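Chains here go by letter, A, B and C, matching the order in which they are written, and residues are numbered from 1 within each.
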Amino acid sequence: MGSPFDINGGACVAMVGKDCVAIACDLRLGMQALTISNNFPKVFNYAPSTYLGLTGLATDVNTVSDLLRYKVNMYRLREERNIAPQTLANLVSSSLYEKRFGPFFVSPVLAGINETTGKPFICGFDSIGCIDFAKDFIVSGTASEQLFGTCEGLWEPDMEPEDLFETISQALLAAVDRDALSGWGAQVWIIEKDKVTQRLLKGRQD
Amino acid sequence: MADRYSFSLTTFSPSGKLVQIEYALNAVNQGVTALGIKEVLISTYRSPSLSKISLVTPDIGMVYAGMGPDYRVLVDKARKVSHTGYKRIYNEYPPTRILVQDVARVVQEATQSGGVRPYGVSLLIAGWDEGVEPQSEEASTEEKPTTKTGGILKGGPSLYQVDPSGSYYPWKATAIGKHATSAKTFLEKRYTEGLELEDAIHIALLTLKETIEGEMNGDTIEIGIVGPPADHLLGFEGVEGAQGPRFRTLTKEQIEDYLTNL
Amino acid sequence: MTSLLGHPAGGEGIGYSFSQPTAAPVKQHGFYPYTDNGGSTLGITGSDFAILAGDTRSTSGYNINSRMVPKVFKIGGDDETGEGAHIVLSVVGFAADGNALKERLDAVVKMYKYQHGKPMSVSACAQRLSTILYQKRFFPYYVTAILSGLDEEGKGALYSYDPVGSYEREQCRAAGAAASLIMPFLDNQVNFKNQYIPGSGEGHALEQKKAEPLPQATVEQLVRDAFTSAVERHIEVGDHLQMMIITRDGIQEVFHPLKKD
């Protein structure tokens, strides 16, 4: 059997713009070559301007997103405040490393704006919690190679929200169209300070 | 009759009291006075080698009244829990309230567990928290319709008291130990809203002078402050983003200076 | 990454020092004649030109063998320099096979010219290359080839191959180590995939942006952008970018520096 990361398929990408960030994912859920669902979003909301994308083994995507939902809820109740993107990043990291020798087969991607500083923040993780702080973009999933190519080619610094939306959408759609395990529509979130726009992209249905 | 219920801590007396906890409070009330005004902690009667004011995290410190050995155990546990329960999870130090809650839990567990006795100390814990909202000169009065949870949005100094029962209270200013009542009465008269750090130290020393017997000098009292980041205490410089501790104790000389100006 | 030099672990069981020798010691032999030398190639055509490009790095594993091993060759030229050629071949994969394939095709195209008294057309050359590759169906040339030139109408022509001779004429193609990085970028920027004309309609009526041949300057910039991007994220790509620009005036070969890390 192949890698657990490649069984269900899926792709996710986050990008930084000027005072904004974007995160996007495809909608496919498969079992090897067989598509099971075309409505399986992989991005989850943990604070008003903080989102986390999870690709990899679908059962672990569900488990990890629920586990973090529990942890973030406990954080909010204890601290009476929303979790900051940087803090969530470290929570994700320590939660994954807890399973160092029996990891969740997920590759998380985090995007958000820090409420205090107003600065955009993105980062990615490997399955045991090593954080990849990037200034430009983070990719993950079965189309990660393709996404590296498209993002590296299309991304530029200080994009306005509208440009950022177009860039991340084109980067994701172009990438998943060259990956048999990803695609079947996509969802995109554009996160600005005090404003979040969610869009649904149809994309190729094959 | 009372001693029949004083063997086991997990046994209530018919009047609804846990008398061991009352006894622990008695130990506290015989202890050396300690007082705090938001950003200042003061303790009297320093012993030559053991300081009574301790750093828990770079921005939080505490002082006690009561039994010294119990206090040092609690300092150890507070430092430990600030890492295991917070820094190792979030890679940042706990806010003051969270640390106080964690310490209070440790103290409470000693009132409900078998084979242990309560801690014979009351603590004053002072710390500084980053606010959720960006720091501004004047707090803006307009309320934005956001999904804010209603927690600490402003940031700044805070002061808490933790008792042997595990109860904890936020204070603007308070005192524990011997003469605590009279010290609190004095503080109540002298405290005003929005005190500067220097004024707070001054009032704290005045309070101490009015309420305790014995001489006050750099050898007999200790002062801990919650002030601006003390970058000179980092031990290095030139690292971007590095911030010195906000909680620090004053030197003997600094204390003497404040005392001469009293 | 497939290691073509790796030897399979001998299945001889646990070797205790005191174990009795087995009846007949079985030894496994392996023969792995292939290496992946990394690198990437890319071809894009226009209305009256074609560009074939490749990086010049040669690797084996994490080693860099050389920073200047060209992957793009003129085919059927009059002399050593390839002067007079009108067809270009790029090969990426196992460099030794690539070289052998290039030599073979070069000889074939030259023989064609001697025997027929006219230069071989690109479409004929494309078919012939397929045959050459398929002849070694069970011991293939371990390469991904791209063949390029101008067709009978003078339009840019580009044919891409798999190692055993399947081929197809295309507008653009990336091959080699960074193919998966470059190809979706090309889909989007050359064939305008997923791009729609704003305001052309709602839902299914929305009109796709038509792919039209791009001007030469645009294509050159796309090729350079594609490679600088690939170099950024793929360790087997780098050092120099070799570009063959085929127009009716002949073949122009240019080199650009790429990052050497």
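As a convention for this text, a contact is a pair of C-beta atoms (placed from the backbone, for glycine too) under 8 Å apart; a residue touches a chain by one contact, two chains touch by 3 or more.
Molecules present, by chain and UniProt name: A = Proteasome subunit beta; B = Proteasome subunit alpha type; C = Proteasome subunit beta type-6.
Since the model is a prediction, treat every value here as computed from it, not as a measurement.
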Steps in the shortest chain-to-chain touch route ending at chain B (Proteasome subunit alpha type) and beginning at chain A (Proteasome subunit beta): 1
Per Cα centroids, the chain farthest from chain A (Proteasome subunit beta): B
Chain whose Cα mean lies nearest the overall Cα mean: A
Averaged-CA centre spacing for the pair chain B (Proteasome subunit alpha type) and chain A (Proteasome subunit beta), given as whole angstrom: 42
Rounded Å distance between chain B (Proteasome subunit alpha type) and chain C, as computed from the means of their C-alpha atoms: 70
Separation of mean Cα positions, chain C and chain A (Proteasome subunit beta) [Å, integer]: 33
Partner chain C, residues of chain A (Proteasome subunit beta) touching it in the complex: 145-146, 148-150, 152-154, 169-170, 173-175, 177-178, 203
In the complex, chain B (Proteasome subunit alpha type) residues that touch chain A (Proteasome subunit beta): 88-92, 95, 98, 101, 130-134, 144, 146-153
Complex contacts: residues of chain A (Proteasome subunit beta) adjacent to chain B (Proteasome subunit alpha type): 48, 76, 78-82, 87, 90-91, 93-94, 115-118, 194
Interface residues, chain C side, partner chain A (Proteasome subunit beta) - complex: 178, 180-185, 187-189, 193-195, 225-226, 229-230, 232-233
